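Both complexes shown next keep chain A, but they swap its partner, so chain B is in the first and chain C is in the second.
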Partner chain A sequence: MAPLPPRSGDAVFANIERVNAELFSLTYGAIVRQLLTDLEEVDEVNKQLDQMGYNIGVRLIDEFLAKSNVSRCADFKETADVIAKVGFKMFLGVTASVTNWDADGMSCSLILEDNPLVDFVELPDTCQGLYYCNILSGVIRGALEMLCTSY
Partner chain B sequence: MASIYSLFIISKSGGLIFYKDYGSSGRMDTNDSLRLASLWHSMHAISQQLSPTTGCTGIELLQADTFDLHCFQSLTGTKFFVVCEPGAQHMESLLKVIYELYTDYVLKNPFYEMEMPIRCELFDLNLSQAIQKDRVALLGR
Partner chain C sequence: MIVSVAVVGQQNNPLYLQSFTEAGDELKLHHIVHCSLDVIDERVNNPKKNWPTLNETFLGLLYPSENYKVYGYLTNTKVKFILVTNEIDVKDADMRNFFRRFHTAYVDAVSNPFHVPGKKITSRSFAVRVSAIVKSFESGSNA
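Right after this comes the complex of A and B.
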């Protein structure tokens, strides 16, 4: 049987079950708020958000691969593109843009124009240094880590 | 007439996390299934090294006189393989369906620990439905 072609982010997003965006934003806000209350230190909260994201990422990657049929990426540039266009679209409903490539092609920035996590959010001065969306970095880290040790 | 004899799911590290047999023949106990899974995991890895073609990702189909073995490995290293009757059709698409059920009912269960044996009722339920649907579709042709 011929391998299935990779589906675009839009196609997958249309078929997947969705949750109310406001419920999602509010739930995430409640989590961050609770972490701040429990842990008090902004650095601790950042670390915890990253860890939570990591735990999500290691499980999310299989769903991403199953539903989008993407094949193994050839290089890091392709990986970043797939994450930005297919991955984010599939799970958050928005695409990111990939910019700020360094000379080696080893690092880049993923910019989210309208990030559903930060709808309605204003960070107060007491939360300087808080990476509010750090869960997303954790998710990407967890997901990619599951890929590099396979054959 | 059952087309599938058994289904195995092997974790990335090579341990058997799920085993179900459907046929009346070839039933095996836990130890045998564990042994078979480790054997397959090693053979799959060795076959990638032995392959004369570049970019080989391992054995996808093993054909014998009395059975066929179809194997699917995800990019994360989890292997799904079915032992079925010779000449069984559409096993690859069935394996993909099982992969999707795994991502939905096993991985999304927060109480499921990664790489541990699968004990998820929803997964068993949906898996039976998928196999049943496949069986019905087969008989319908």
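Right after this comes the complex of A and C.
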């Protein structure tokens, strides 16, 4: 069988099962609130969210590769583009934009214009250091760690 | 002109009060809002034939005092929205429209996971939205 061409994020998102956005936002909000109540320290909650995201990421990467059929990325720039355009679109339904590349091409910023995780959310003054979407950074870290074979 | 809006909770605890006049008669507005709560309780507990039925959200004109008119709106969770205006003639449809948009803004504010139900609404974006709704209501009625 001929290898399948890589599918764009929109095409995958159209065929995948979806969940109500409000339910998703409210569930994530409940998770963060519960973590804040249990752990009380904003830094602890950030760490825990990152850890949760990591556990999701190591499992998510296989599903991502299976559904989207992207080929190997040549360099980190391509990796960032694939994450932003295909990965986020497939799982969150929104695309991110990649900006703020540094001189080495070693770090960049992924900007989410409308993030379904943060619908209705307003951080109170007591939680100003909270990285509310830290689960996303954990997911990316977990997914990329599973791909990294030799460095 | 809309003088103030208020959100009152199920146990008649105030959740939100914002006034739009420069004069500092906040206490008087509190008082008016409090008095109108009695009228709402009366209507809720004794539904009569000429008053709205039990599942009507918009309660209409609660009572006209010498300078002000007070309008009420009851959500299905027994949260009350109260509007105080000193305009002479206000259309019913405009009022309903205002309360509908206010209800939407309230629902979005309450969906914030950091909002504790029963505590005061501290969301700044809610205040901004309410001010915008009030402004558009006034410009609409003056146009």
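Simple rule for what comes next: the second predicted complex is superposed on the first by the 149 of 151 C-alpha atoms of A that agree within 3 Å, B and C clash if a C-alpha of one lies under 4 Å from a C-alpha of the other, contacts with A are read in each partner's own complex, and residues count from 1 in each chain.
Convention: contacts are C-beta pairs under 8 Å (C-beta built on N, C-alpha and C of every residue); 3 or more make two chains touch, one makes a residue touch a chain.
Being a predicted model, the structure only gives us computed values, none of them experimental.
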Next item on the list: Applying the touch criterion given at the start, work out whether A:E78 contacts chain B, chain C, both or neither, answering first, second, both or neither.
Entry: neither
Item checked: Touching partner for A:A30 - first (chain B), second (chain C), both, neither -> second
Next item on the list: Determine, under the contact definition given at the top, whether A:M146 touches first (chain B), second (chain C), both, or neither.
Entry: first
Next item on the list: Could you say whether A:E44 touches chain B, chain C, both of them, or neither, answering first, second, both or neither?
Entry: neither
Next item on the list: Check the residue A:V121 against both partner chains and state whether it touches chain B (first), chain C (second), both, or neither.
Entry: second
Checklist line | First (chain B), second (chain C), both or neither touched by A:V58 | finding: first
Next item on the list: Would you mind writing out the residues of chain A in touch with chain C in their complex?
Entry: 22, 25-26, 29-30, 32-33, 119-124, 127
Checklist line | chain B contact footprint on chain A (complex, rising order) | finding: 1, 4, 58-63, 65-67, 72, 146-147, 149-151
Note to self: Per the contact definition, I'd like the list of chain C residues that touch chain A in the complex.
What the structure shows: 108-109, 111-114, 122-125
Next item on the list: State the interface residues of chain B toward chain A in the complex, per the touch definition above.
Entry: 12, 45, 48, 57-58, 73-78, 90, 92-93, 96, 99-100, 102-104, 107-108, 114
